[in-house]
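Two complexes come next, and they have one chain in common, chain A, joined by chain B in the first and chain C in the second.
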Partner chain A sequence: MKFFKRMQELDRRWIYIIIALAIVVPLMIPFDSDNLTTPSTENLYQMIDSFSGREDRAILMSFAHDASTMPELFPMEVAILRHCFERNIKVFTFSNSPLGAPIIDYAINTVKDEYPQIESGVHYCNFGYKPNMFAIVIGMGDNIATTMNVDAEGRKVETLPIMRGITNYTEMNLVVEFSGSVAGGTWIVYARPKFGLNVAVGVTAVMAADQYPYLQSGQLIGMLSGLKGAAEYEKLVDVFATNEQSFSSEKLSDPRIRDLIKITTQSVASFTQTEFTAFLNRYPQQKDLIEKYREEKDGIIQINWSQIPPQHTEQLGFFVMDELQRKANHIKYSFKTARVGMNAQSVAHIVMIVFIILGNLGYFVQKLSDKK
Partner chain B sequence: MSFELFSNLIGAFFTLCIFSFLYKDNPLYQMAEQLLVGLSVGYSLVLTYHRVFIPYVYQPIVIRHQFMLIIPFLIGVLYLTRLTRKLSWLSRYPIAFSVMGVGSSFALSLHTAILVQMRQAMVPLESINLTLIFIGTITVLLYFFFSKAHSGTYGKFVNVGKWYMMIGFGASFGLTVMARVSLLIGRIQFLVLDVLGLMK
Partner chain C sequence: MKKTIPMMIVMIGGLIWLFWAFSPHYIMQEDFLYKFYIPWSWAMIPPATILGIISLSMMHKAKIQRRAHKWQYSFFFFAGFITITLAGFLGGTQKGGLYMWMFENMQMPMSATMFALLAFYMASAAYKAFRARSPEATVLLLAAIIVMLAQVPIGTRISKYLPDISQWILDVPNLASKRGIMLGVGLGSIATSLKILLGIERSYLGGGD
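Here is the complex of A and B:
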């Protein structure tokens, strides 16, 4: 009785502190949690993946938001860009808001750091900010190069190598719009009925409920909703794209898949003898240095990349370190932001549910005692 | 001190100033709030000047001599007449152009928001989900039919629609909470990762 009374009178600042701790602690101490993927995310992933390696297919990412919704939308954008760069999918980016244009640069640079072979104008093209959304959406149905004219770097779009095989929506057959308000509206209204363009959206959780009717009626081929959607896409990229595998629901339910999506630091790269020989042959100049960190356990060769000091990391170079980290199934922080965030989200939700239950119990217990 | 560290420290300071409101209203919070409003306006203004005015007004008209663009530019400038009471009526012209755009989308919007949705609601009731959607659509529509009193059997039937709406509002509220927590997570990730470098 006394407990419930005290709970009812609890200062709100204690609740703030508890919620803050529920978020800070899981962020600072990451743990491996699974994140079940939903059909709306899987459909989008599969559609983008079906464009892999094709010169006559591309996707367009429309950044229709500003910095205020970045915590939810930015991880989605990074995950999709990473998927495209990983699987050799042509990607165009554009924003109909001047405030969205700097976010495109930020997203591309975040991913490009890990993919030095990716070139602007060849693998991706940033159109930057373009005003007059209606004219853009309808114009691209006819010809993308003449509608966009120049890219964000001032180059004529029609002269860029990425445009080989790409004319209009027949080739650039998917647009993914990211927005903190109504997403995909213009594309669904103007481009889908007229040109048959496939539309998908990445929205904040607040707006997800508004988008479900379009998803259910098939006007959206996929949707990423909030941090959860971003975390799901990150997972699919780690499971399939980085391992050069095609999507399969069966593989997702395979327990071994858990090793590919661990968000804690994975530092041991394991090789069979043949794999290790092939690895050394790829980097003959760094052979001696690699051998220095080699350890053998039960016929398996292991290298703990986290034990390599910074001066040797530099000597080994980006490609060797990247391959070691990939072999260890280590995921860089910028590619698991949403999943680390979802850990905190889960703990915060549990705490909130406990507070709601306690608050309600306290209310009814007090009401009962007042009656008596 | 590098620029990145300096900008992160400023960001961290103002984030904490905003968070201080959770304890109680204070001058640091008010300062951060006023600065946010001022900076947002200034940032938008400069960005619009560089990314809109220069490439789409100045360069085409002054450098490439596309003088036809002066007409839409002048129509756009009429928006600024809102600032004077005497000439504010002129701002109705650019608004009229914008409304024309809305009108042109009417037919296609009807297709997207009503016809396709109706088509998807008129499907054989082959599963429990489709049956639930059917019942929900009918009862919610009837709930907003006010020419008949919500009493008796009819009242009980339309009450089902109210429950459907309550569940919908609950889902929306849950998603809103999730979105707000995500924003908090984003800020704390910034403080812990970018500023303190405690996450790897």
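Here is the complex of A and C:
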């Protein structure tokens, strides 16, 4: 009895400390876990993936949020940009809020660091901050280049190579809006009925419930909901996009995909003899250095990239190291932040449920003793 | 006269947009929208921005002059506004400049910290106030536990049925209540808009009538 009474009067500061530990410890010690994908994430992934390699298709990412909601929304933005860069999908970005403009730059820079071949104006175009949402939404239905006029770097949009084959929503047929509050409203009300634009949203978890009516009616073709949605999208990119495969629900239920989505450090790249020969032929200048780190086990050639010292990683260059890490199924930190965060969220949710149960137990025990 | 002219502007403006929404005629869809409205709305943005900056600066200046409640914080407005403006204009807004550095190292962590405080308040509220005091509160509590568990990887390990139950809660009871609220809000908005267009609702003009 005394225990429950004391628990009822527990100082808030203890709760804060426990929650802080429940979040910080899993962030510092990552472990592998699997986030089941939901249809709303899969639908969005498939729609974006269907634009792969097409000159006459593009997506628009609308950054309608500020820095406060970045922990939830930023991993989604990075995952979608990565998907587009992996699968050669044209992507446009813009923000209706001045606070969203630096987030676009930050997101593009984060992904571009790992894709040096990607060029601004060719593979992607950032329109930057553009005020007057209604005029933008309606104007792009007629002509994107004349509505946006110049991109964030001050170049005439109509002269950019990315605009080849892109005129209006007929080609740029999907918009994904990221928001910490109501998302997709203007697009659903004006662009979807008038121009047939497909609309999807990425929202914080607390706002997701508001979007379900639009999702069920088909006005939204997909939705990423909070950090979970971001983690699901990261997973789909790792399983399909980085392996140059199309989406398949059968593959998602295959237990072997667990090797592709491990978020702990994966350091051993394994090759068959033929794969290794092809790998060496791709990088003839670094052949000797690569050979230096090869090990053979049961006919399989292995290279532990984490054991290569910094001076040699520099000599091997970005592309060799990138291929080794891909072969090892190693996921770079910026591409798994949502999943690392989901681990922390797992522990935090469990702690909160324990708090709720303990609080209620204490409440009922005290109520019982008061009656007596 | 003081009220009639603004009311006429609102009524005419509202009716034009009503025609635009329901009439497919090219005068409304092409001439009005693309040749008149969009160019004019673009032209209005810079003066509106300047007006906003002047208004905000005047408000903070007055606050400092009057030594109003928490007037010291107004200095932070001027410091932040001047620093970020200069950083953007002089060094550019791209990676490598002061503007982006300030965004990455100051604005981003500070804003995210404020948002993250929510988790602590939620945990505290869950412990101190989330009680099964009535049958309705018990249903809410159970639904919250199921949805919270199903959201995270650990939950799906506890039971493979949890995600389906959680999805049902979101798709059926949540959706039904949300749709009801949205329909109510929608009907309310239409009624208020019609009252404004017909001149019945005039409280937006000020003066209390």
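Brief remarks follow.
Everything below uses one rule, namely that the second predicted complex is superposed on the first by the 372 of 372 C-alpha atoms of A that agree within 3 Å, B and C clash if a C-alpha of one lies under 4 Å from a C-alpha of the other, contacts with A are read in each partner's own complex, and residues count from 1 in each chain.
Basically, contacts are C-beta pairs under 8 Å (C-beta built on N, C-alpha and C of every residue); 3 or more make two chains touch, one makes a residue touch a chain.
All of these numbers come straight from a predicted model, not from anything done at the bench.
In the superposed pair of complexes, A:Gln219 makes contact with chain B only, with no contact to chain C.
Using the contact criterion defined above for the overlaid structures, shared-chain residue A:Leu368 touches neither chain B nor chain C, since it reaches no partner. Contact with neither chain B nor chain C is seen for A:Ala278 once the two complexes are overlaid on the shared chain.
Applying the stated contact rule after C-alpha superposition, one finds that A:Val25 touches neither chain B nor chain C.
Of the two partner chains placed by superposition, only chain B is touched by A:Gly341; chain C is not. By the touch criterion stated above, A:Met352 is placed in contact with chain B and with chain C alike. Looking at the shared chain after the overlay, A:Val122 reaches neither chain B nor chain C. Chain A residues 16, 19-20, 23, 70-71, 101-102, 131, 134, 205, 209, 213, 216, 226, 228, 345, 348-349, 352 lie at the interface with chain B in one structure and with chain C in the other.
Taken together, the chain A residues at the contact with chain C in this complex read 10, 12, 15-16, 18-20, 23, 33-36, 38, 66-71, 101-102, 105-106, 109, 131-132, 134-135, 138-139, 142, 147, 205, 209-210, 212-213, 216, 226, 228, 342-343, 345-353, 355-356, 358-360, 363-364.
Chain B makes touch with chain A in their complex at residues 22-23, 43-44, 47-48, 51-52, 56, 101, 104-105, 108-109, 111-112, 116-117, 119-120, 168, 171-172, 175-179, 181-189, 192-193, 198-200. Interface of chain A with chain B (complex): residues 13, 16, 19-20, 23-24, 27-28, 30, 70-72, 98-99, 101-102, 128-129, 131, 134, 188-190, 192-194, 204-206, 208-209, 213-214, 216-219, 225-228, 265, 333, 337, 340-341, 344-345, 348-349, 352.
Per the touch definition, chain C reaches chain A in the complex via residues 33-34, 37-38, 41-42, 45, 49, 93-95, 99-100, 103-104, 107-108, 110-112, 114-116, 119-120, 122-124, 126-128, 130-132, 141, 144-145, 148-149, 151-156, 163, 167, 170-171, 174-175, 178-179, 182.
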